[in-house]
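Two complexes, one shared chain (chain A), two partners (chain B, chain C).
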Partner chain A sequence: MFKLKVSDAKLLRDMVTAISILVDEATFKIEPEGLKLRAMDPSRVAMIDFEWPKTVFEEYVCEAPSKMCINISELLRLLKRAGKDEAVELSLDEKTGRLQIKITGKYSRNFNMPTLEASEEEVPTPKITFNVKAKATTQGLSQAIEDAQLVSDHVRIEADTEKLVLNATGDLMGATITLQKGSDALLDLEVKENSKATFSLSYLAEIIKAASATSDIATLEFSTDMPIKIDFQQTKEGKLTFFLAPRIESE
Partner chain B sequence: MYAAWTVKHKPASVAEIVGNTEAIKTFSEWIKSWSKGVPKKRAAFLYGPPGVGKTVTVEALAKDLGMELVEKNASDYRTEEAVNRFAGLASQYGSLFGSRRIILLDELDGLTGNADKGGVKAITDIIKTAQCPIVLIANNAYDPRFINLRSYCILIEFKKPAASEVAKHLKRISEREGIQVDENALKFIAQRSEGDVRSAVNDFQALAQGKKRLTYEDVSWLGYRDRQDSIFNLLRMIIYSRTSASAKQAVDMADVDIDMLFEWIYENAPEHLTDPHDLAQAMDALSMADVYRGRIRTTQDWSFIRYVIDYMTAGVAMSRQRSKSAGWTPFKFPSRIQMLSRSKAERAMKLSIGLKIKRKCHISASRASKEFLPYLRIIFKNNAEMADGIAKWLDLDDEMIAYLKG
Partner chain C sequence: MPQTLHNASSNWLMDMIKRSSNSAVEESIVARASRNSPCVLCKGARFLCGKTRCPIMVKVNYYLKSVPLMASEDISGVSPPSVFIGRIGYPYVYVGPLVPPVHEDTSLYDLPEQWFGRSIDEIVGFRSLLIRGKHRVHVEKFEQAGKIAEKTRELALAENSVDLELNLTKKPRGFLFMDDDVQPFGPSAPIRDMRVGNTRFDSRIEKAYYDTDLRATEAVLELYSRGVMVTKIQRAFSVGAFGIEKNRRLVPTRWSITAVDDIISKALMEQVKTFPEISEYRVYESVYLDNIFEVLMIPDAWSYESMEAWYPGTVWNPHGNSTLIFSDWEGNEGRTTYAQVGGCYYAARLAVCEQLVKERRQATVIVLREARPGYIMPVGVWQVRENVRNAMRQKPRLFKSLNEALQFISARFEIPLRRWILQSELLKKALFQKKISDFFGKTSVS
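On to the complex of A and B.
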């Protein structure tokens, strides 16, 4: 038996949007303590680690741990029909294996959609020692990324004790974006060792754009030529973290 | 508790894969060469008939080497955008877990005709700059659509494993499943599969699951799977086609080797083109196809394959002007292939004697076997003493002497 209810559809929709960037089909782990998802995108370059404790929900019922796989883009299509102050209730019909989506506001509607075969793959946590830890506003970050996107599809992120620098080089143009420590955009910066690594701008942009709907502050952690970890601080409890693999730099 | 044995007993390591030793060796050496930097060819193109272990080889090798495997089927990457989203990123970016990765694009044949919206071209572009090994798999690497793509790949052919090797794999499964199987029952299933290991395992499961013991009687009622049927249909479509387009299309529809198809057409055209003028024209077209086949062999420039196909299909079909229907005439297996396989042992023997002569007389082995052998035969039949001397001088072994004595 699984059932959850949120009073504000927007919260659920934003979360599902963030997930939809990386995966088409998501296998959620339904546990008594809450909802979890850890998945990699098809190219296995990016990973999402998502946890929602039951306290976030108005109502959360889970009698036994189970897994549920759903088509995220289809779910998102349904959730987009819900207005800001409408409540959403998700429940799993165990007999038919279908997910019931009930949206109530000015009027109520019941949708149902099939669940898919849950993936058995257990995605491990990447083991990385991070030398840089930067705390930035999601707004500032998404601006910086948009700047870089004008010239290239990947960006080199460099950090020293004073600043975070985004370096983008395209076929024709280049861009350097500097975030000074203590500025409005870069709240905090801890650097054990100067580091730099290059990442896909399309993923960075999409992730940050989607996550900024649920979060104002992001913590970036990375090391030279290692994956980057971006943790989006949630307004309520919960966890939304992304990992992104670095570009292989050829000489 | 139902699991397909093809999945359940999938080889976990390359060592468990039957057949194709050479191909697997070439492939694993190429993959390993990546640890020393980007090799000349950044992609490998594994091709061969279904069920011979192409995909399994890649999966098992990735497991053996602890590499991360990123795989997709063609149905998932038809458009240029989809290819870039998946393989483009994966080929340029590292792994989250610090391991190296292999990108596998499986079932490339699925990217057919209009459904391929820039997919093949996008794959080609990705290969040019890939930072990790890319593996392509298709039944037919010589599909004209892959002409450009091929030049960026090392081509590795997977052949049908011998029936004895297929039987070995079935034997291993029967041991794991705890089923007692008669030796000749295994052999029968293996032979029936004609080198398709996957279908052999499926057949075996269908017959043996739930049993403790499987005897020859349990399996013998199954007939041979009729694989020749498809080539007969294909020949009929080519020889009796009314338009050149449909004759050409026939080749795309079936999974056949072009060289083999050439032999089939050559063998059967005379029976089905009853008018001598038509036949002369058909033979003319076939000879042109053969000229291009020769050029492919010498230059390895496979772009000529399109002319081979056009001449041998459309060329033959269009020759049919005055021929009356031959009535029902069965298609025959190419006699040249039969002859070649029958004379294989003899040709090998001739060549090895030729090689011995080459060393002493400084002429080519083929010339030696053509010009010297007839005389050696006469000597060996008539003059034992002289033959003995020559045998010693040329360092011939007993088998060769026996052959020359006839």
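On to the complex of A and C.
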């Protein structure tokens, strides 16, 4: 028996949108304490680590731990039909193996969709020692990424004790974006060791854009030529963290 | 600015034409060259353009052979079958049959699936015999456009060669039409009347044609899965034979070729994405008409890139001093905009997807093509589709690392590896982008 209910459809829709950035078929872990997902994109460059404890939901029922795999873009298509203040209820019909989606508001509608074969793959957490920890507004980050995207498709992120610098070099143009410690965009910066690493802007932009809908503040952690971890602080309880592997250009 | 060479007394083309026996030819030929084109100086003899043979000479040669057969307003012959839908003036376009003035089985003339391995001369030879009848209609109103439009559609759906008589308003005129997307064809003239012999429809295509509730995409996929050749699907697609009744319309030949390649390969890609990744680096190759294809498959999630390098003196780089490289790519999620490089992007994508589906594997695929000076004129997108299909039929060379695979490719090509890498989105990704899975289990960092 599995069932969950959220009173505001937007909460669920934004989260599913953030997941859809990386995965098309998502295997959720349904546990008595809450809902979890850890998955990589098809080319294994990025990873999402998501958890919603049962306290996030208006109603959450899980009698025994199980897994459920669903097509995220199909689910998203259905959730887009829900208005802002409408409630959404998801439940698994164990007999048919279908997911029931009930949207109630001005009127009510019931959709159902098939579940897929759950992935057996256990995705571990990358083991990284981070030398930089920066707390920034998601709005500031989005702006900085958009600036960099004007000139290139990848960006080098550098940090010293005073500032976070984004450096983009394209075929013709270049850009340097500086976020000073204590500024409106960069709330906090802890640096154990000056570090720099390069990342794909298309991944960064998509992740930050989608996750910004769920969060106002993000914590970035990285080290030289290691993956970056971006943790988006949730307004309710819960966790939304992305990892993105670096680009290392060796000539 | 184009300059008519018709009246120039020292015109080498005219000299050549005069030497040929038929004086009727002279009126029907118009040669045009741009003012700064090297052709006027070269006269087809010195290869100033860098090609290994003069494309004008090749064309004129066949033109001279075919024109005497066409010196009449009444043409009778056997259509392969073949039709052509123009795009100029869209939505008011020229439609009509292509028919050679010969009475034998001409089915080969419009079946690129059977052309691979034939020389450019042979292909230009039979294509230049195809006379194009023209009749202007509105693409959405062709159902009411009368007999000529109706007969043209009938022809496009026919299973075998069809007897055809064309009554033209004037003698066929014009050059052999050459295009990168569309296979070449001969002179053209407006149609006054046309008579089509007994036609039998391909039963599979006929079924889709009469099903006016079946969407065009579904019709294309259904026919492809039943083994109907891409060329035949495309021919029927261009005459608006598929789709929900109210949406049916004529589709210019050039667009229909790419539309069909795109529709089929999109469906195949969705299958490919569900299969396990290949376990080694592979390189497939094929050489035809001085086009060299090296297809690199990387063990990774499906994504695709098509790159083509044009030597100076080749079709799309006639006056350049350096090689031009064009490329376009798509990630795992596919693309929503039209690829810059054009129809060949989709034709090659179809060919590689066919192979991956057959093997039930997925990979990141990069199609690299060098067009060399022996590729003297464009012959149509089919060359790319069939060339890559031929590459896929060969046994691939297997490599343990990307570097080994790239070294192998580098040795086959004239263009240095560095230039390919700089231009290639997916090669850069494969070389420089780390995977998050590389960092599971590592504990320390510098």
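Everything below uses one rule, namely that the second predicted complex is superposed on the first by the 251 of 251 C-alpha atoms of A that agree within 3 Å, B and C clash if a C-alpha of one lies under 4 Å from a C-alpha of the other, contacts with A are read in each partner's own complex, and residues count from 1 in each chain.
Keep this in mind: contacts are C-beta pairs under 8 Å (C-beta built on N, C-alpha and C of every residue); 3 or more make two chains touch, one makes a residue touch a chain.
None of the values given here were measured: they were computed from a predicted structure.
In this superposed model built on chain A, chain B and chain C take up the same space, so to speak, and clash. Of the two partner chains placed around the shared chain by superposition, chain B and chain C are both touched by A:Pro124.
Of the two partner chains placed by superposition, chain B and chain C are both touched by A:Phe243.
Shared-chain residue A:Ser223: touches chain C; no touch with chain B. Once the two complexes are laid over each other on the shared chain, residue contacts for A:Cys62 go to neither chain B nor chain C.
Counting the residues of chain A touched by each of chain B and chain C gives the higher count for C. Judged by the touch definition given at the top, the superposed model places A:Leu166 against neither chain B nor chain C. Legend: residue contacts after superposition of the two complexes on their common chain; A:Val88 is shown touching neither chain B nor chain C.
Of all the stretches 38-46, 200-208, 236-244 or 362-370 given for chain C, the clashing one with respect to chain B is 362-370.
Residues 40-47, 124, 126-127, 200, 225, 227, 243, 245-248, 250 of chain A touch chain B in one complex and chain C in the other.
Chain C makes touch with chain A in their complex at residues 273, 300-303, 331-332, 364, 425, 429, 432-446. For chain B in complex with chain A, the touching residues are 38, 68, 70, 72, 76, 85-90, 92-98, 101, 131-132.
On chain A, the positions that touch chain C within their shared complex are 40-47, 124-129, 131, 153, 200, 202, 223-227, 243-250.
Chain A contributes residues 40-47, 124, 126-127, 154, 199-200, 203, 225, 227, 243, 245-248, 250 to its touches with chain B in the complex.
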